[in-house]
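Below are two complexes that have chain A in common, paired first with chain B and then with chain C.
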Partner chain A sequence: MTEQNYAILPPGVESQAFHNAVQQFRQLLGNENVLVKQEQLVPYMKIMMSVDEAGHAASAVLTATNVEQVQGVVRICNEHKIPVWTVSTGHNFGYGTAAPHHRGQIILDLKKMNKIIEIDPDLCTALVEPGVTYQQLADHIKEKGYKLWVDPPAPSAIVGPVGNTLDRGIGYTPYAEHFMFQCGMEVVLANGKVLRTGMGGVRDSNTWQVFKWGYGPYLDGIFTQSNFGIVTKMGLWLMPQPDVFRPFAVKFRKDEDIKDLVEMFRPLSINGIIPNGVVFAGTLYEASVTVRRSDYTTEKGATSKDVIQRIRDEHNIGAWTAYGALYGTHEQVEVNWRIVIDSIKKLGKGEIITEDHAGNDPAFKYRADLMRGNMTLTEFGLYNWRGGGGSMWFAPLSQAKGSETVKQVELATRILNKHGLDYVGEFILTQRALHHVIDVLFDRTDTEEMSRAHDCFAELLGEFEKNGYGVYRVNTAFMDRVANSFGPVQREVNKTLKRALDPNNILAPGKSGIDLDI
Partner chain B sequence: MSLSMTCRCGKWIFAACAAVFLALLSVSAFAKEDDKWRNEEQVYAKICAYCHDVGVGPVIKGRQLTPTYIAAWVRHGWKAMPAFSSAFIDDKTLQRLAEYVSQSAPPQQ
Partner chain C sequence: MHVTRRSFIKGIALGGFAGVLMARPGRALARAAAGVQSRPVLALVSGAVERSAFLQGIAETVPGEFLRVQRTDHGMGFVRDFNQLLRSGQPTRIIGLVDDASAALIVELARASGARVPWLGYHAASSGHSRHRLLSTESTRGCAMRLGRQLSACGAGFSLSEQRPHHAETSFELAARPHNGAAGDSDRWAAALGFILAAPDAELSAWMPPSVGTRPPLAGNFVSFAIET
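Right, the complex of A and B next:
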């Protein structure tokens, strides 16, 4: 293939114009940072979704290493009307990974822009570039001897705070709601200008990473789950290492126990007794650490209740397992532990498991690691449950009320089973809300199963919407569909902002359903 | 040439991918990135080991898997394996990592 013969072109861009743009990119970034050959683009093709990857194939990948280069990329994209999809560490598994929203968009991969610009160990703040991973940040903190923790999502080591926070991801320490603990951004706008949000606008300010709100409208939010700018720096808060960290689990035996356990944990969360993102893991989510579906059955379709019960019995896994942790001084943790124990006793059910009881249980170990900000990839065991590399997160929000969780679990299980798939889900409690995170797992090598997964996902969205539930985030194949759930006025406001900030529609058209062409 | 990007790869497709990949290794090494990873042991410990040493992914040490085969898996990320771009692990480091894994002893039980 000669370079002029590009296999894929950006939508509406002629081959010659694209070639000219590629030449300009090469001049700006150097040849090694402009990838157009199909074999170079392979790592960006792993979408895991229930659609053909050809629909999400990029025409090129660019890697930039500084802000000026990002500005240059935006300038060239504007000149040729080339849409550009930005990723930071590019491992948005289950949401479309690094692939663009539609075929032909170029990818701007910022992984090489990976400086930890500043950490203030007294104020417990950090300022980082997009390519920094949680592993890199944690290693740096350790090297410097700072007593600070990071809060990674489950794919910790191979993902980063900028990408995760911009997609409004979640972790498991007391700093679990990542956007809540973000402070200050630097953003390259579509017109090439560099915006520093909040206190970052004040010359010589030293409060950019300590005060979120700045002056006037608070802007950081419009650069998350959106396509209004390219974030090139982000501030975040780090958690001071507590004297004592005490992780624990509570196993509940029956499906319906979810109702009571949510009622019990909610006040403990709102009152700050259990300050972290508490998890309530369903049987198969928990089992996927150690069990494969093929250990029990090779039949296609949904796993039977009998098999699920056998897994519970043979592996001593609860219908629900709650994971929480206490943090603080020795005295604080002792007092809070007594409150937790008393609450569970009062409930009259639930088997408490401490770190000592858990021994070498890999599920407990990785949950404890996440709750203290250690790196682990054990949760990738989910992909072994059914095998075949298909995964889409269906992640509706729920009130932190037991009755709501029962309703959502029943609804999701019914729809998943109807399409021959399993409920592999967990809830993450952050005071008043629950992220209900269900991994729609399917074999992507089986076209029939993939098509069922697609219909299933669409039905989940539709039926949940009918019940007044919306998802907090979704993969690129369903972004437009989900934008509809949030109503025409939100869509119109987003479009108005897009028109004002990016009139050529070059920044990630399609992200969260925002696109001037539709 | 046509290169299948799907994970439904038969043996012949794999061979083609691997050949292309080897060719790529020699032409585009990102020298700038060399100082990012201290060495291949570090990459193994900070990425691969989290799955392949704990029973999540298959054991890959001590199996004399060829470097070409290992590198192709890293870039494609077939099935449960995530794909890693050259921005994440540059070609030179990946080549050294693949050789390291290929020549390594089986993990201690």
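Right, the complex of A and C next:
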């Protein structure tokens, strides 16, 4: 392929115009930061969704190293009406990974903007660029000797706080709700101007990373899960290292126990006794750390209840395993531990497992790591449960009420099983809400299974919507569909904002269903 | 096991394979005839792949002294060391056939380091049948077709689809039912794949993957890749 003969063009852009744009990008960024060769673009195509890669193939990838370059990219994109899909570390597994929303969009990969600009060990704040990974941040903190923790999501080491927070991701320490612990952003707008949110607009301000709200309308939210700007810096709060960290698990034997365990844990979470993102992991989610489906059956379709029971029995896995942790001074933790133990005793079921009891159990180990903000990649075992590279997170929100979780688990299991797939799910409790996170795993080498997975995902969305449930985040293939769940007025407001902030529709059209062309 | 340069096993030392693979003087001729150039190759394998015909296929075209084989996993140690290798600045050709979890990390780390990925394949194999979903590029052009021909010749049932998302040519699909009694050869796809990934430009028409022998055929899901740093 000669460069003038681009196989994929941005929608509505002629080959010559694209070529001119590529030349301008080269001048701005240098040749090595403008990728158009096929073998440079393929690594951006591990989409894992139930659709063909071709629909999400980028026409080019750009890497920028500073804010001025990002402004330059936006200028050239505006000039040629080229849509640009931005990623920070780009490992958005189960949501489309690094691939753009639709074919032909160029990707702006900010992995090279990876400076930790500032960490204040007294105020426990950080200001970072988009390419910074959790591993990098943790290493830096260790090197400096600061007594601070980070709060990574499960793919920890390789992903980063900016991308994760902008997609409103979640972790497992007391700082689990990442957007809650974000403070101040720098954003390159579609018109090329640079906005600093919150206190960042005040000249010489030193409160940008300590006070979220600033003055006037609070803007940070509109730059998350959206396409109104390109975030080039983000502030976040770091957790001071507690004197004592005590992780624990509670194993429950029956499917229906989810009801009681949610009722038991909710007040402990709302009252701050258990301050972290508490997990209730279903059997197969838990099993995927050590077990593959093929160890038990190679039959197509959903895994039978008998097989699931055998897995529970042979690997001593609960129907539900709750993971929580206590943090604080020795005295605080002792008092709270007593409260937790008493609550479980009062419930009359649930086997408590402490770090000592757990020994080398890899599932306990990685959960404890996550609740402590350590790096671990153990959860990638999910991809070996069924195999075949298909993974889409179905992630409805639930009230933190036992009856609601039962209803959601039953509904999801019925739909997944009907399509020959498994319920591989967990809940993450943050006081009043539960993120119900289900990994819809399927084999992409099997076109029939892939098409079942697609129908299954659509049905999950549809049936949950009928019951008043919405998802908190979704993969690029279903973004438009999910935007409908949130009603026409929200769509219209988003479109109005898009029109005002990005009239040429160049920033990530399609993100969260926001696109001036539809 | 970690991927430090020092820990690379010289030749193929995994699973006592060395003898089988290296005592093949006749193969040098085959290599020469096929026009295969010898350049260092790092092969990544996981689980049962290290005992499969995949490595045998690679050894048909890469002399032992140019081949390093390394087991993968999805632990922090592997990721750290693999990252170091990717960023070491030394040009390396990495090919592999691994489990889905390892592959997700390997491909993403490759991208993050700026490496090129000319081939990405998803494979599912069970006794007598295999499925292959392939993404190829200019430099691996024709490889999917060659794999398809080898699969046809082996007689096991298969389906194969190739996508070339960045090319004007449309994707192609091939499928065949197993010939009578061909189930025993169902591991040959792995041998052919090893050969093709190790030498994407080699002339393969006359080459026939070696018979698998008594080893249990590779079953399950796997991901293959070629990565160039």
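Here is the rule we use: the second predicted complex is superposed on the first by the 518 of 518 C-alpha atoms of A that agree within 3 Å, B and C clash if a C-alpha of one lies under 4 Å from a C-alpha of the other, contacts with A are read in each partner's own complex, and residues count from 1 in each chain.
Here is the rule we use: a residue touches a chain if its C-beta (ideal position, glycine included) is under 8 Å from a C-beta of that chain, and two chains touch if they have at least 3 such contacts.
It should be emphasised that the depicted structure is a prediction, and the values quoted were computed from it without experimental measurement.
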Fit or clash between chain C and chain B when superposed on chain A: clash
Chain B versus chain C as contact partner of A:Ile8, first or second or both or neither: second
Partner chain(s) touched by A:Pro247 [first = chain B, second = chain C, both, neither]: neither
First, second, both or neither for A:Ser294, with chain B first and chain C second: second
Which of chain B and chain C A:Pro362 touches, first, second, both or neither: first
Partner chain(s) touched by A:Gly510 [first = chain B, second = chain C, both, neither]: neither
Partner chain(s) touched by A:Pro161 [first = chain B, second = chain C, both, neither]: neither
Overlap of chain C and chain B interfaces on chain A (superposed complexes): 1, 38-40, 42-46, 53-54, 57, 89-91, 93, 97-98, 111, 157-158, 375-378, 380-381, 383-384, 387-389, 444-445
Parts of chain A lying in touch with chain C, wherever the complex brings them together: 1, 7-8, 37-46, 52-54, 57, 89-91, 93, 97-98, 111, 157-158, 292, 294, 298, 375-378, 380-384, 386-389, 443-447
Chain C - residues contacting chain A, complex: 74-76, 79, 99-105, 107-112, 115-120, 122-124, 126, 131-133, 135, 137-139, 161, 163-168, 171, 219-221, 223, 228
Complex interface listing, chain B residues touching chain A: 1, 3, 5-8, 17, 20-21, 24, 28, 30, 32-33, 36, 46-47, 50-51, 54-57, 75-80, 82-88
Interface residues, chain A side, partner chain B - complex: 1, 32, 35, 38-40, 42-46, 53-54, 57, 61, 63, 65, 89-91, 93, 97-98, 109, 111-112, 114, 131, 135, 139, 155, 157-158, 289-290, 362, 375-378, 380-381, 383-384, 387-389, 444-445
